[in-house]
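What follows is a set of structures to go through.
Shared chain: chain A. Partners: chain B in the first complex, chain C in the second.
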Partner chain A sequence: MTAPALTVDDLHVTFRTRKGPARVVNGLSFELHPGRTLAVVGESGSGKSVSSLALLGLLPGTADVRGSAIFDGDELIGRSEEELRKVRGAGVGMVFQDPMTSLNPVLTIERQIGEALRAHEKVSDDGVRARAAELLTEVGIPDAKARLRAYPHQLSGGMRQRVMIAIALAGNPKVLIADEATTALDVTVQAQILELIERLQDEHGMGVVWITHDLGVVAGIADHVVVMYAGRCVEEGAVDELFGRPAHPYTRGLLGALPVVDDPRPARERDELVTMPGLPPDPAALPPGCAFYPRCPVRADARCATSLPPLSPVPGSAAEHRAATFYAGEVTGR
Partner chain B sequence: MTRYALRRLAQSVAVLLGVSVLVFAIMQLVPGDPIRAALGQQADPDTYQALRERAGLDDPVPQQFVTWIGNAAIGDFGVSFRTGETVLSLIAERVPATLALAGGAIVVALLIAIPLGTLSALNPRKPVDWFASLSSQAGLSVPDFWLGIMLILVFAGTLGWLPSSGYVALTEDPVEWARHLILPAITAGVSSGAILTRFVRSSVLESLGQDHVRTARAKGMRARDVLTWHVLRNALVPLVTVAGVQLAYLLSGVVVVEYVFAWPGLGQLAFQAVESRDYPVLQGAVLLFAVIFLLVNLVVDLAYARLDPRITYRSAR
Partner chain C sequence: MSDVLVRASGLQVRFGPVRAVDGVDLEVRRGETLGLVGESGCGKSTLGNALLRLVEPTGGTVEFDGLDVTAAGRRELRALRRRTAMIFQDPYASLDPRRTVAESIGEPLAIHRLHRGRAARRARVGELMEVVGLNPDHGGRYPHEFSGGQRQRVGIARALAGEPDFVVCDEPIASLDVSVQAQVVNLLVRLQREFGLTYLFVSHDLAAVRQVADRVAVMYLGRVVELGAGASVSSAPAHPYTEALVSAVPVPEPARERTRQRIVLTGDVPSPADPPSGCRFRTRCPKAFEPCPDHDPVLQPTGPEQAAACHLHGVTDR
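On to the complex of A and B.
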């Protein structure tokens, strides 16, 4: 396999708050290869978005970031603002969740794409216009020339997200981070955006990090999945392995909360959706042992309450399928 | 947009009519006899009576009002009881000085507020933020007349750099016009600047937290460009409203500042008119202030649509 485009190793993010330090990301590691799709999955507040913002230095000054993130052979963590600025957009593009608020309401589409083009090289006004129109066409916006003069509120949600993708592509990035990029969209539009990103990924050979809580999306597009809980990876593996033989009680909980669409039984006889009781722990007061212990339905081992289970290979699975649990019980399909 | 402006102008006429009724009514309630005030106590009773009749003061009040508003509608605001000049010419004389002072003051206010408010929003709870909040508190608390006198003492007295008072027409000598304007403009602008500083701070803070600012940074834009085009540009929209209100307030005369600097503005004119019960001048001035407020607000609303493309004005049916 080729060298990874992005290697994150033991990433920690701590916010200084009035209640004391909030440990939002606690030793996250993953590798992303060119042309591959990595899905980072977890509930709200599990540290998914914070990790991606931390890589590019986009967190507020109250955040302390430690660990390592190698992009294209260079370390990102601890780099100066100016050095990181050069990576943003040009090396790593980002698409955010809400395309209404993520675009500036008072600037035209041309201006906002143009900013991304001009951030990394000198371009003439005509050059910007031509390239911006090309990008809009590439992301499937018809009548691109006319759309350039539009303001965000004049476009539909799906169109706006396409514009966001055009902005992210403007710097020709090697890695695209899509942070809940389809969450705010209608289901049909979601499918179009997923398709679009997959097509662009093939054409440009980008590595894509999908940050999402939507397991349906993950199943459709990911090669590799990282499941996050309380700022830690609790399980990772190839998408088929992880969906087929989930090892961590949290992953199994997540999958149990997913409706099975092709269940042949009539609706009333189907299994009830399993909900996970409780809430993720407060990052300012993480429990001493496994962070999932308070909600865990298994609690198989006495060590769970006191020590942190390390991420280790799941017995009987491929080597890259690893889970952070002491639970060694039967791993079965759903 | 044009239809909207026309509709707003029509509304303004209705508001002005209301204001003029109010002004006229208040004038009737004010004790004192304008003709007596103009002529003095020893005046010849015949002259006194003749003047009263000429001014229509013995007519029934509603009739006086109708006469006045009818004349005002065709631009005749009557004649000053005190000087015999037409109200229109008295006001027109004062307008350039008032425009200069108000314009100068709002420039001073914005020059204080935008940098200071932005700096303090960018460094919340840091020394520069404390300094900004302290100085805006001070700017609000210091009385205009005191600040004016201090500035005169330092810059006109001790240093001798600037004239202590008076006004020179722009057409006469632009350099002297500017030199005479500096101290009064600072004096009048400081308190508006203090108000606007707080506003800029909160507006920029809000703007900084917007998602599109994060997008701009994620594009790889330079911090300075992000600040100018995504933070300040968006914070400007609400600032226009507040600055507009401040401008209207400054335009309707900062009486104290005009007094301290012997500045021949509208505030002084109105104040003198109150003192001498010069009804026609006072009514004219108050009506003009109402016009200024309405116009400034209209301009602000139209500017809004320019600054924020999401706002469009359509004539309501």
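On to the complex of A and C.
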């Protein structure tokens, strides 16, 4: 296999809060290879977004970031703002959830794409206009030249997200981080954007980190999946492995909680959805043992309450399928 | 007693030039869950509001249990309000942050003069909290002290306070995390069975709608374009829009999801202030043919318990 485009090793993010240190990311590691898609899955507060912001130095000063992230042979953590600015866009592009708040409402689309183009090379006004129109066409915006003069509010949500993707592509990034990039969109628009990203990935060979809570989307686009809970990876593996033989009780709970659209049974004949009682722990007061212990349906053992289960290979699975539970053996099979 | 609890006929809601709901005929049967799905701006929330007369219809009628809601006077409306309720998407925005949750849950009791007297009211609020899975001892707390899922339970308790017959659930799980969504969905289903409630379940999430709804209505640009039993609408859609919608909902099974044929619609939804002539979906429809620009299709039967407004099943005109 080729060298990874991005290697994250033992990433920790701690925020200073009035309640004391909030440990939001607690030792996250993953590798992303060129042309591949890594999905990072988790619910609110699992640390999935914070970890990607940490990689690019986009967290506020109250955050303490430790660990390592190697992009293209260079360490990202601890680099100066100026050095990171060169990485953002040119090396790593990012697309966020809400294109209305990430676009500047008082600037035209041309200005905003132009800003991204000029950040990385010297280009003439005509050059910017031509390249911006090219990018808009590439992300599937019809009549690109006319759209360059538009303001964000004149575009639909799906079009705005396409503009965000065009901006992210402006620097020809090797890695694209998409943070809940389709969550605010309608499903038919989401289908358009997913298709677009897959096409761009094929054409540019980008590695994609897809951060989402939506396991349906993950099933369709991911090669490898990392499931996060309370700032840790609780399970990871190839997408078929992880969905087919989820080993961690949290992963199993998440999968069971999803209604399936084409289950032929009428609503009244369906089983109840699987639920997990309670809530994720407060990052300022993490329990000493497994963070999932208070909600875990398995927890057979006092060990779970006191010691942290390490991420270890799932018995009988492919080597890269690993789970952080003492009970992977007992709970495999869906 | 008719088996129809709520009936909308030719219902219209216009906001200036915007035709949010534009000629909807719909029945909600006693004791059923009718799912109402559609994407942003299709008019599904406005329709839910109009059925309860929370927005004034600009045309057509709504009947609730035989009573013409659109013509009802103040007194009749007040009686109607007790028998209907609404559960909102964002319980944080729909609860008064300065009131304890017990006060919020008890407010409908005061308005409708139910369970009069402090002790009776407090007992009823405690009972309601227990029914929705909240600890009655937490009645003195404020909304911000609860998680999103718990706040939605408060909203549900408040909706149930007047012992309604008909509840409009407007995107009740859209702002919740997956594991919490499942808790709320299960709770709503359980409450329906326990209290014989009739639901209109408004959601953009077809998979969630399928989990709870006996029948499903699909909206596009102010109109119901397909209506039928939940299983038939999602496994054998009769309208090309429903077909695209079903195909776009991701399925959490990698092998199937990778090979599933997605119908990707082109373009954006047209403006509801200026809908296309004839069939409103024709500008994005992969199956549009020659009658579509000139004839505005009506809902017509396409199978047992299924109807679609599409010329593929025979050309019609409104």
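Definition applied: the second predicted complex is superposed on the first by the 326 of 334 C-alpha atoms of A that agree within 3 Å, B and C clash if a C-alpha of one lies under 4 Å from a C-alpha of the other, contacts with A are read in each partner's own complex, and residues count from 1 in each chain.
The rule is simple: contacts are C-beta pairs under 8 Å (C-beta built on N, C-alpha and C of every residue); 3 or more make two chains touch, one makes a residue touch a chain.
Remember, it's a predicted structure, so these values are computed and weren't measured experimentally.
Superposition note: with chain A as the common reference, chain B and chain C can be accommodated side by side. Applying the stated contact rule after C-alpha superposition, one finds that A:157 touches chain C and leaves chain B untouched.
Touch criterion met: A:188 reaches chain C, while chain B stays clear of it.
Contacts of A:80 after superposition: neither chain B nor chain C is touched. In the superposed pair of complexes, A:124 makes contact with neither chain B nor chain C. Residue by residue along chain A, chain B and chain C are tallied for touches, and C comes out ahead. When the shared chain is aligned, chain C comes close enough to touch A:255, but chain B does not.
In the superposed model, A:171 lies in contact with chain B only, and not with chain C. Of the two partner chains placed by the overlay, only chain C lies in contact with A:240; chain B stays clear of it. The superposed arrangement places chain B and chain C with a least CA-CA distance of 12 Å. Every residue of chain B that touches chain A in the complex is listed here, in rising order: 210-212, 214-223, 225, 229-230, 233-234, 237, 307-310. By the touch criterion stated above, chain A contacts chain C in their complex at residues 43-44, 156-159, 186-192, 195, 213-220, 222, 239-240, 243-244, 253-268, 270, 272-276, 279.
Against chain A, in their complex, chain C makes its touches with residues 33, 39-40, 147, 149, 177-179, 181-183, 185-186, 189, 204, 206-208, 210-214, 229-231, 234-235, 244-258, 260, 262-265, 268-269.
Listed in rising order, the residues of chain A touching chain B in the complex are 53, 56, 58, 81, 85-90, 93-94, 96, 98, 101-107, 115-116, 119-120, 151, 153, 164, 167, 170-171.
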